[in-house]
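What follows is one structure encoded as structure tokens, with my remarks underneath.
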Amino acid sequence: MPESLTRAVRWDTVVGAVLIVVLLLSFGTVDGFGNALNLSFLIGNTLPIALVALPMTLLVVSGEIDLSVASTAGLSGAVMGYLWNQGMTIETIIPICLLLGVVCGLVNGLLVTRLGLPSLAVTIGTLAAYRGIAQIVLGSDSVTDFPTQYLDFAAGRIGDTFVPRAFVPFLVLLVIAVIVLHATAFGRATFAIGASEEAARFAGIRVKRQKLILFTVTGLMASLTGVFWALHYASARYDNATGLELSVIAAVLLGGIDFDGGKGTLGGAIAGVFLLGALQNVMSLQDVSAQSQIVVTGVLLVLSVLGPRVAKQIAVARARRLTS
Amino acid sequence: MTVTTPDKAPVAEVPRSSGTRLVDRVFKMRELAILVVFLVMIVITQAGNSEFLSEQGIKDLLLNATILVLVATGQSLVVITRNVDLSVGSTLGISAFAAGDYLQGGGNPVVAIALAVLMGIGFGLLNGLLVSLGQVPALVVTLGTLYIIRGIDSIWVGSRQITAAGLPDGFIDFGSGGISAVPYLALIALVVLVVTAYYLKHFGSGRELYALGSNPEAARLAGIPVRKRILAAYTFCGALAGLAGAMYLARFGNVDSGTGTGYEMTVVSAVVVGGVVFTGGSGSVYGAALGAMLLTSINSMLPALGVSSVWVLAINGILLILAIAVDRIVALRVASALKKRNARHA
Amino acid sequence: LTACGGTTKKDVENEGASAATTAKADPNAATKKGLTVGFLPKQVNNPYFTSADKGGEAALKELGSSYKEVGPSSATDTAGQVSYVNTLTQQQVDAMAVSAQDPGALCTALKQAMKNDIKVVTYDSDTKPECRNAFVSQASAEDLGRTEVQLLAEQIGYKGEIAILSAAQTATNQNVWIDFMKEELKDPKYKDIKLVKVAYGDDDAQKSFQQTQGLLQEYPNLKGIISPTTVGIKAAAQYLSGSKYKGKVKLTGLGTPNDMRKYVKNGTVEGFELWDPAKLGDLAARTAVALASGQITGKEGETFKAGDTTYTIGKDGVINLGKPTVFDAKNIDQFNF
Amino acid sequence: MTHPSDAGPAPVLALKAISKSFGAVRALRDVSLELFPGEVHALAGENGAGKSTLIKTLAGVHRPDAGQVLLDGEPVVFHGPGDARDAGIAVIYQEPTLFPDLSIAENIFMGRQPRKALGRIDHKATHAATAALMRRLGVELDPDRPARGLSIADQQIVEIAKALSFEARVLIMDEPTAALTGSEVARLFGVVRTLREQGAAVLFISHRLEEIFQICRRVTTLRDGAWISSEPIDGMTEDDLVRRMVGRDLDELYPKQEVRPGEVALTVNRLTREGVFTDVSFQVRRGEIVGLAGLVGAGRTEVARAVFGIDRWDAGDVSVDGKPLTNGAPSTAMAAGLALVPEDRRAQGLVMDMSIERNIGLTGLRTTVKAGLMDRGAERSRSLDWAVKLQVKYARIADTVNTLSGGNQQKVVLAKWLATGPKVLIVDEPTRGIDVGTKAEVHRLLSELAADGVAVLMISSDLPEILGMADRVLVMHEGRLTAEIPRSEATEETVMAAATGRTAA
């Protein structure tokens, strides 16, 4: 099988291509899609998922998973609201919240690496625990009166363009994540750990430390997302971002990241995130009901795993015909 | 064809080493640890609130656990084969509605239950076929079918709902009735549980589920019909989710398009807490059932102790982590003790 | 401490909120036809909202305008609801009727909509006042809170322990009602009644069910429960009717007649109340059309005619539907929703 | 095709003109083979010659692209390994295929446990039958022990027990002895002889030529997927066989260069890991090859793991060039110039789903970096260099290692570690599963490395290899060092005596 063909049937490329096709088609045919306001809505509402998808991709590539991200985001939003009500300055609050995210991630990481517990189980536990703490912290309060310049930053766009202001920092984070995963020794080691933890250890890779770092960064990014969420929607509640983890996982899976670890690209994951976001936007504009949208998401997921298999089978069959 | 054992006892000359007995004990202990945690919590709650273990209290405990125990039993079978079925919540919801819809139209309760089970079998088969024939990751596929089934459910059900008023009284009474403190539903769950556990331990195809979860490639080489077994595990899991749907209907008398949403997390938690390993090949349905009991009971214990519901979620999560951590630490301790005693089989 | 240049809550409060009502109302303006009004409930497929929105649909049909409904499939998916506000904005509807999952989260999007000349009415559950033109309230929060206490007190003979089973801890309307219940309980005639606990069932049948169990185990002398949520009251009723507490522990709150019929008939529940959700939707639709036609702007004191009734807009743009209906064994069969 | 001249009974199993390709790789080309009852037939060939592929074709794992499998002269099509098994063919695959979570007894009898009424499994009978098999092989493995954590050798023994338990007409063994030491091999051969006398046909693969000569009657050789010859072994010499396999004469198998040992490079002092090994002390000098011998399970691998930092030690210390190593930290060991070629290449040596290039690159993550980013050019040339130096047989350097034959995988592991330019190289069973040609190659390499001043610690279960290569032989027995024998005194007898604890060294 020629190399170009193998590359062409790679699933992340396919998702990227589908995303572009969906965008182009929608520009042409869907009323209200192409204007700057709608695009900024689309991007703005997808940003929380995209933000969490960055570290989640790395974590999943290393063979672990963090289901507590949405709760961490909720917790940091709740703490932000609480401290704000206490009269602290927002400039002090945000670093505190980020630090809290680091702690949440660290707890997950330590439980996984020190005690050797499966991350799925641990983070199902912390999913409940962090959300519960958020509930204790903020209770039934709903804090909305954050300073306007922050709200504007989180919800506004650059001039009249379609680019939300918060998109620029996201792009910077994306570039950093891509470089880390795909161009550094750290990223290489992440793939190795995901594909075979034991072999990675025998190659002198510090597996536990690396996983701890990944969990911590995931916690940090989750809390950043929580802060962003509270500002973007101008509302800090303990149940902010509930269910975000499932959206992130669905998107990342769609982008071709293998949950057994060791496989996938960030490009694919982000393409998956924005593909789901764009489809939802388009379907809503076309008056497709929420229920049918769920079905579409499901079908896409199933296709995302069946697709590459079928593609591979076709490729193999073709190669066989070529050799014989 | 039956191979019978020769009557003489050939085992005698291989004495079971102390290490083996220890290993045996560790394996038994896995469930034991959870059982102890569970009992301790019950005792504490009872000490704090004497109503807790009243007849009504016990009945409530058992009833609460029943549905989760059923679904967790099915789920463990799938998890043992190194797969997972995330769509159980959706399956439960849609089969509960199907049964309710049929009953509201004046149907027979037994047929309604059968209908729910059949519906579950259908979706289980769908999952099983996708996973085993496509040989694709179960997590993704069943996350997909979770959405698909839920979507179909919502489109079909719309804003309709089944209420107790529309159901035959006998059916509802069956859902909350029982023999003194033991509800009928709990009896059904118990029977399913015991039969499943016996099957897993004593039948070839049951052991093969463990084998193929432990090492799928080796299972293929050993001539185990891998696809067939995975398909069967999913079908069984679906059937139990369907049965659980019927029981949900009888118990709560109330079903709409959202029934069972998010249930997969609870089920997965129960299975994990119960010591069924996600990488397949080990764990037991008794463990999963205990995990289910533990999880549902926490939700009854905390309110019974007067813990404000604000704290429930956090305590729930922390207990969950503690349960897994304690289990793990005990296992590690014993394993290292074992290693030191049993340096080498010489 | 605020001197170090940071922004605190105080600074924000000093900024002051700017209410923006620019246009003047013309009560005699003609009712426009051919408008599109989008309904955005907290959750689609929720029977309560479906009835409400059906009421809105019927009203719009009568007024010669068109109706559409969009919405998230989960009642806690606030982000989803926000994106539906955006969708309606993109689709250039003339007005939208929103039941807000969160008083603050929808604000940015709703303001964006109003900037695009879309009239915003909230119904059932409000946002902050500056984020919409008017709020159609199902009944005054005060009425609801107080009458529920009165109902239960009568059933238990003004004596004994009671508890409240609410929905989510963050549900705005629930919390307002509960506050009024506590107010009402301060009246000396309730001196023998003790509110022992507020439990939260998150509008989840199973959770509400277990919370009810917990209440009864924790407080064996409990005499009554108020559940001001349709999901909660139903679950509590189902639990009570299958337990030894049936008939002994009184239950009231907000429920729909169809849900509760069985429990009223089998003696679990004596009486409960609710407004007619279809009427709520109807009024929301008419308010939206009146706004879009320029008959009102949402200022206090403006009046408009909806059907045969004339409504006056109250403080903060609130319009009250009227008093709730109490359902009991005698009248329940006359209702079907 | 030449047919065997002796007109004995008809072949039980035969392959006729079989071809099999994986993508562009033609693993088998027009290969034929006949197996007769009562014969032990050897299959010989270099790494990647297609031996395992041939066996998998016989076992129904692969479907041939062309050609036929004949059972008792009748063409059959095996749709899966189950079919072959039902036809009376038992197979020991090159890589153990156990269920780690199940007990040894279940592993052996999976799918065909003795049954009681109603088809229930008779656990007692299964246990008893397993115990009997273990006795027959002369090992003391507890039938109820889970397979997880068994050493490679023990895994191999379970595999052998499994194959024997079939009482099959055809027994196929793909390098069953690669992980075993002499006494276990002798035991196995005893069993094989009994089977042969009972009329079973045995197909045997080994890279240890002396074993082939010891037990086989005929030998078929493959080269690059093509059939070369099938002939009786009587009258053949090892050189004849090697020439058939390699197509040329072989270099010397143990090209030991004489070196004057230099400074002490590795010092292991009173190292203890409780319950595993006790009080192990030794030194390795620059330029020296020290052999570490012992029976399977003596704890050699454990010592190597602890020295390299994979496992923590409980007492003692390790130093390289006089600088002490941190307990349990492979990365510092690497930084100090230590390298470990592990025993289990699939689990420990390689990331099977990664390319050859990346696998070799994995040990260079610290060095092939420019400005914090991976220097891909440097990584590729480093990998290519070593892949070529060790003559790894591959199609493209970007292929994943799981497409390589076992021996070539082993070479990739070696390449990966040699690429770090170690001061101290620990090799654990370095030539297991490697063909004679490559073995000589590896030996020459180790010899050259030593000559260049690298200190080499070689753990091997292949006694001739130890004797041929080591300057000094350390012997372990039940977790303790029992002897240190200089090259001049090292013989099979002295080493075996120490290894079995019969010595007063």
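Letters A, B, C and D mark the chains as written, and numbering starts fresh at 1 in each.
Going forward, a contact is a pair of C-beta atoms (placed from the backbone, for glycine too) under 8 Å apart; a residue touches a chain by one contact, two chains touch by 3 or more.
What you are looking at is a predicted structure, and each value in this text was computed from that prediction instead of being measured.
On a Cα centroid basis, the chain most remote from chain A in this structure is D.
Taking B-C and B-D together, the pair of chains sharing more C-beta contacts is B-D. In whole angstrom, the spacing between the mean C-alpha positions of chain B and chain C is 38. With each centre defined as the average position of its C-alpha atoms, the distance from chain B to chain D rounds to 42 Å.
One finds 73 Å separating the Cα centroids of chain C and chain D.
A separation of 34 Å divides the Cα centre of chain A from that of chain C.
Multi-chain contact residues of chain A (touching two or more other chains): 135, 139, 289-291, 294. The residues of chain C that reach two or more other chains are 44-45, 73-74, 169, listed in rising order.
With touch defined as above, chain D holds no residue shared between interfaces to two or more other chains.
Contact annotation for chain pairs lists A-B, A-C, A-D, B-C, B-D, with touch applied as defined. Residue ranges on chain D touching chain B, taken from their complex, read 59, 61, 80-83, 85-86, 91, 93, 97-102, 106, 110-117, 119-125, 127-128, 131-132, 134, 140-146, 274-276, 297, 299, 478-479. Listed in rising order, the residues of chain C touching chain B in the complex are 43-47, 49-50, 73-74, 169, 197, 199-200, 205-207, 209-211, 213-218, 220, 234-235, 238, 241-245, 258-259, 261-263. Looking at the complex, you find that chain B touches chain C at residues 49, 51-52, 54, 56-57, 60, 64, 154, 157-161, 163-165, 172-173, 175-177, 252-254, 256-259, 261, 299-300, 302-306, 308-310. Across the interface of their complex, chain A is touched by residues 130, 134-137, 139-141, 143-152, 154-155, 257, 265, 268-269, 272-273, 277-279, 310-318, 320-321, 324-325, 328-329, 332 of chain B. Taken together, the chain A residues at the contact with chain C in this complex read 31-33, 35, 37-38, 41, 45, 48, 84-85, 87-92, 135, 139-151, 155, 229, 232-235, 237-243, 280-281, 284-285, 287, 289-291, 294.
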